[in-house]
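Next up, some structures in structure tokens.
Heads up, the next two complexes both have chain A, just with different partners, chain B and then chain C.
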Partner chain A sequence: MKKSNDVLPRTNGIIQAYGFINGYGNSHTSNDKPVTIDNYTSKTSANAKFKDQFVLLQKTFLDHNKAKKKSKESFEEAPLITACLTYLGFYFLMIIGYLNQLFFVPKVATEKNRDGYVPLYDAFERFYSCYVYRRVKDCWNRPICSVPSDTLVLKDRITNDYGWTFEFTGTRTKCINLGSYNYLGFAQNSGPCAEDSIQAIGKYGISTSSTRRELGTNTLHNELEVLTAQFLGAEDAIVFGMGFATNALNLPSLISPGCLVVSDEKNHASIILGLRLSGATVKVYEHNNMKSLEQVIEKSIVNGQTLNGKPWKKILIILEGVFSMEGSIVKLPEIVDIKKKYGTYIYLDEAHSVGATGPNGRGITDYYGIDPKDIDIMMGTFTKSFGSAGGYIAGSKNLIDYLRTNSHAHCYASSMAPAVAQQILTSMKIIMGLDGTDEGKQRIDQLARNTRYFRKRLAQIGVITYGHEDSPVVPMLVYLFSKIGAVVRTLTKRKIAVVGAGFPATPIMEGRIRFCLSAAHTREQLDYFLQAIDEIGSTLGLKYSRKPQDAETIEY
Partner chain B sequence: MLQYESTPYIFNLLFDIIFKAPIYVIFLEGFLLLMVIWVLIHKQTNGSRKLTEEQKKEIIKNWKPEPLVPEVDENDPTLKTRTVEGPIGKYIFVDGHKCLNMSTFNYLGLEEYPQIKKSAIETIRKYGVGSCGPRGFYGTLDVHLELEERLAKFMDQEEAVVYSYAFSTIASAIPAYSKRNDIIFADECVNFAIQKGIDASRSKVVYFKHNNMRDLEEKLIEQHKMDVKKPQKAAKMRRFLVAEGIYLNTGEMCPLRELVQLRSKYKLRMILDESVSFGTIGKHGRGLTEFLGVDKTEVDLISASLEASVESVGGFCVGTHFIVEHQRLSGLGYCFSASQPPLLTQVVITALDIFEKEPKIFKDLNEVCEKVDKKFKELSRFLLRGHPISPIKHLYLKDDKTSSETDEILRKISDQCIKMGLAIVPCAYLPIEKFPQKPSLRVAVNRLLSNEEITKAFNILQRASYEIK
Partner chain C sequence: MDTIKKWFSLLYLRYEIVTCASMFEPWEKIFINVVIFSSLLLLIVSSCIFLPNYLSYLLELFGLTSDRPDTGFREIKT
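And then the complex of A and B:
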């Protein structure tokens, strides 16, 4: 008995230390279970009874964590009054727009030399972009003239005609950057990544001017594929020159008519385009809702193909690791269970999660401690965490070989530019610790700490945020269309750059501001920002949350 | 009188109607009523077959999916990609052999200009490598705006839009305009990116025979006849004509003058892909419209790759403000992809500087292309295809063999050429091309080739083609 007392704090110690190092606090992934058990069994004698006791203890501990995990994701609903106001506000905008269109001649360009042709654009689309979107047009496509790192320099522009045209003022504003996907802070113009990329230009030139299948493969591409596979724990990997194209040009070679794709409703446009090109049947399940997913799969298998009732050739579940507009993290363990139960395949898009999640930055599988081999197709991009461009697909050797012979992008699109490939190689080596320093680890921990602190503080302020507490993408709900513009502009005045998203990128109801955290952000920057949110939250009325607020100071 | 109109009176009236009605009317109405009831009930039970839970479980248990992908033969020749070491120039190292390069698309030989590399390096020192975001979300750098302005000016158009990948440029541009109920007329030899753009648009597509204007007109007349039959549908149907300036798959030039005549006659809008012709033909390198002197208002949208003559990565579209601006909200590859890495943008700006300062390079390239054309026509085992001034030419085997046999011979010839110091490779196609292309070796002409080098290439090809049976 004494022995067990001895062991318990020690194991807890291990767990805590592990959690602390990872910057994940008390959260544990199921990964910890085998690790600690192994540690334990290797260190003590094989006393079966004692072991049972330990397992039981650990199970309760994990169950407790599981219960906690459920509450880690939050999608608080808006007060009814806000919902009504949002719709009213939107219709009001539309009515004003129509009136505007009636009484004032639009300044928009008209088509010349095409009299008598069928109009090129849909009338509503045209109206929406000219009379609704134009009012907040200044909040997007803002030009910058610096590295998009923890700060950025905006090239100021003004409009004298309510958004029809913009002029540069010639001044510049340095802002804290909460808009770029620079999760691990590798967007840098100095340091090893930049230096290596410059060397790559010297050695390999600017581009390959050819496709991978012809003469566009150089030593860097081969090296990158080997390293990517090693990083992700997959057998093999293949890389492409553009992240968007990785989805859009590979999905059609993986699935065909007669296959069923079960796709999360919030999946990215590139996935939707790839599915459209493939000709497979697509069924959508509710965002991150496992019940809905299972229902769709069960019903589909029972009923067979829509037209002829034949059994489906194969079923592929497509989802993202971290959803870029919702800030949620996919419930991968449950999805792997469903996969095994029904015999489907999984296509996991890790555009926003690779590098940004997991104790080793290896993405969602790392975060949950799931064997990467359980995921049939692992896709991701190099744009975000690696500060470069392009995308990859990793999986079994046969899958990758199949893509090498059948992928559209591999055969027809040009290969990755050498400097771009080198940036990924160097940053990936840093993340993996192959450079001999712990800088990668530090960056991963810094991002996790920033995320935790930031999300908790926002909750304390009383604004509604969506998503998982470990997700570095943090959407803050402002609901009203016009508030998106107001928040973005007010924050710009306070020298903070953020991104807004409204209809049609989100439902009409759910206008939001999105923050992307980075390992490059310091605590001071975050505090400055949070104070600004607190202040403008009061003046603009953003504190919608009705959850009880924690008054305690949150530790960084 | 009023009291008679009470309820019993109405019933009497109803009975009266029913009994006086002919028997078939009663039957018909009764049948209709039953139908309605049947449909209502059936609709509720429809959707899932009536199965017990056990049966469902049985079906789920018995369902066996196909493997994710079929087994791939490890010896598949397409798996053996050649590795290039060092930079791409007139000479390249392929699998350890130093070769004269007649394969990659760097027609203009910009390696001669050190300022290109220099500007790329300076850009890394200023902006880093990646842009870390799409154009809408702080991914627009001042170099992107500068490049768009410069490209519009260079092409003498109102506006330009830059994409980060050439494949996605045209493949996003087509579906931005052409939608489900529209129709696209396209040449059957259009490159794969265009085919995918057409697929993504979900429009009706009519392919006409390669560069065959008579065939196109026949198809347009056919469509016109259908339009007369269904005027309502026709009034909403947008029509597009898609062609390439110089076809990547054949090296032929499109008859743009005839195309624009038909375009205007049948009220089509024209999308022209100048991926090969941009920066290679025309007095100032503006492409086919300049070369043939076609008015810029005749072509609605010009799209081109920045991965060929410019030797960067990316693509762009130019046209009027009315047309191009639309892609900033509707071009999928523009809105939803990270923007072009700034160093690659800067490279294009520097290349445009060179284009504007030294338009002579285009003339030089055209001359070399003509020389290669003249010389390679003498190859005894190959048939040369392509316009004389096109930098892309195709060599087809003269012998009458099946497609897979030809593939293998071409591969062996290519291997042999590389060993002998000439980098030339077979054109890579996937079996899913809309119209299967004849296997060929693709020649890409470099401006810097001297007469001796052309002769050397000719001799190697000639020898290799005789050594391989």
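And then the complex of A and C:
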């Protein structure tokens, strides 16, 4: 296999990598352009030795640049005492939970006449959801009764038995919404998107009630596929009714046993499900760590398939554009270099990045200025930025034609509802500026501005946030399990709706509150929220950050 | 007076969060408080009673004080 020979002779890959950084950096760091060799050699002698030195110099300079770029992303460590307290809290929860289980019958349905059967549910899972999760259950799955745009209306509910059951009080609370993936603010019940969707229902009905391969295709789907391909700069695209199914059902048709998949450790559940269904060998690399990725690939290529040592059929690197739990942005330029060096494929899940990143809202490739053709398989969802539902895969014509004949989601799942497709079409046209206004551009700029302002202000307040400074997903670390509940409840009292995430969605140590910014948020709303965070940060003790904080006011 | 009250309520809030007591049912709250405070009490009482003797014994052991008669620790032990 040619890949295995490729490992050794390509030492110049590194130099290529530097050249590349030069290329993509210009849109973001135009002012710190590296000193080029030519400038210097014209001033000094054209001595070869000198030139060598300058190449070295340039390299270190670029290294420095790279380090600077890395520092845009921050993952501050927790203080040791916090880690200890988090574990202590969990011990208390467990001990009390077991005692409670021992003395009281849990208020859940129990099976009868099942003596001798193996229990249907995992014992620990059951214990966890009854005695740990139940205590903060009111912070999740909260029913709402409005559009989840910049504000939303919560249906109030109370519990009289410590979280086992809930009752509606009949009242409602209008809250600022920082929990929806509504990046460009297209979740609206008025405006062009809503009007077009309503018209589409009149014209095409509510549902096609069939699969794409049978009676479920109409002109909207075809139009959407063409527009998606155009939007992403790919040759062709295919759309599906659900983003989760796009990953879970298409991965098995792309890879098979005997293929190697190198997967980021923080990848979404839908990707993991798809990989398991495919039966391919999966190796996991550390989150966003290029060294780890390269090591894993190199080792796997050298060793070959696990059982028989044969070369791999295909090697696929699978990753996300913006990671939804970490708020980090993938280091795509480095990944493309690694791809070229080892001859692998890239599967990029742009669920959170399409629409939300890049100067034109076209996702991560746009953000770094990379040719979309370098990414073999571009997957994404319409659920987030477009305010709709569904997923797409874009790539070469060959790939998409192959998927049209082989994808389970295309053949056996019902197609996208016409109104949903229309919502995507209209919002995508607005983003692309095809509607003749600059509203899309404004939304993208607004989101970028909100993100920058919000992240900087949070850093100033002194809480620990994870991720890249341009990512609209902002996880704020609270560590302790009980603090997740406390923060969500206190913020709800102040009419702010946020989403918490704790074990098992995150490591035990890293309970967090995840804010999602939107172009629909106004500065007043953000300021109100930041004020609230500042206050409850002092009372509940959220200001963990030990970084120096600059006191100067941040302009919006 | 008010500030002291506020300070104590803040302290109690933090305490409840760290021990997860804020999420517990009343009887669980009482239980966990009793456990924590009784173990703290035990710790304090035992260190008040035994620590001075123990410390002086230690000091002696390392030869830091030699002029005091050998009492304390061994007395209690036997």
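Worth pointing out:
The definition used in the following text is that the second predicted complex is superposed on the first by the 485 of 556 C-alpha atoms of A that agree within 3 Å, B and C clash if a C-alpha of one lies under 4 Å from a C-alpha of the other, contacts with A are read in each partner's own complex, and residues count from 1 in each chain.
The criterion applied here is as follows: contacts are C-beta pairs under 8 Å (C-beta built on N, C-alpha and C of every residue); 3 or more make two chains touch, one makes a residue touch a chain.
Keep in mind that what you see is a predicted model, and the values were worked out from it rather than measured.
Look at A:Y181: by the touch rule set out above, it reaches chain B but stays clear of chain C. By the touch criterion stated above, A:G485 is placed in contact with chain C alone, chain B being left untouched. In the superposition on chain A, A:A109 makes contact with chain B only, while chain C stays out of contact range.
Touch criterion not met for A:P257: it reaches neither chain B nor chain C.
Of the two partner chains placed by superposition, A:P507 touches none, neither chain B nor chain C.
Between chain B and chain C, the partner in contact with more residues of chain A is B. Across the two superposed structures, the residue set of chain A contacted by chain B and also by chain C is empty. Note for the complex: chain A touches chain C at residues 85, 88-89, 92-93, 96, 99-100, 135-136, 162, 480-483, 485-486, 539-541.
Across the complex, chain B is touched by residues 108-114, 116-122, 125, 129, 133, 140-149, 152, 155, 177, 179-182, 186-190, 193-194, 197-198, 201-219, 222, 241-245, 248-249, 254, 268-270, 273, 276-277, 298-299, 301-303, 311-315, 342-345, 376-377, 381-384, 386-389, 398-399, 401-402, 404-406, 408-409, 411-414, 416-417, 419-420, 423, 497, 499 of chain A. Those residues of chain C whose C-beta lies close enough to touch chain A in the complex are 10, 13-14, 16-20, 22-25, 28, 31-32.
Chain B makes touch with chain A in their complex at residues 47-49, 51, 56, 59-60, 63-72, 74, 76, 78-79, 81-89, 92, 94, 103-106, 111, 116-117, 120-121, 124-133, 135-142, 144-145, 164-168, 171, 177, 179, 191-193, 196, 199-200, 202, 235-239, 267, 269, 297, 300, 305, 307-308, 311-313, 320-323, 325-326, 328-330, 332-333, 335-338, 340-341, 343-344, 347, 423, 425, 427-430.
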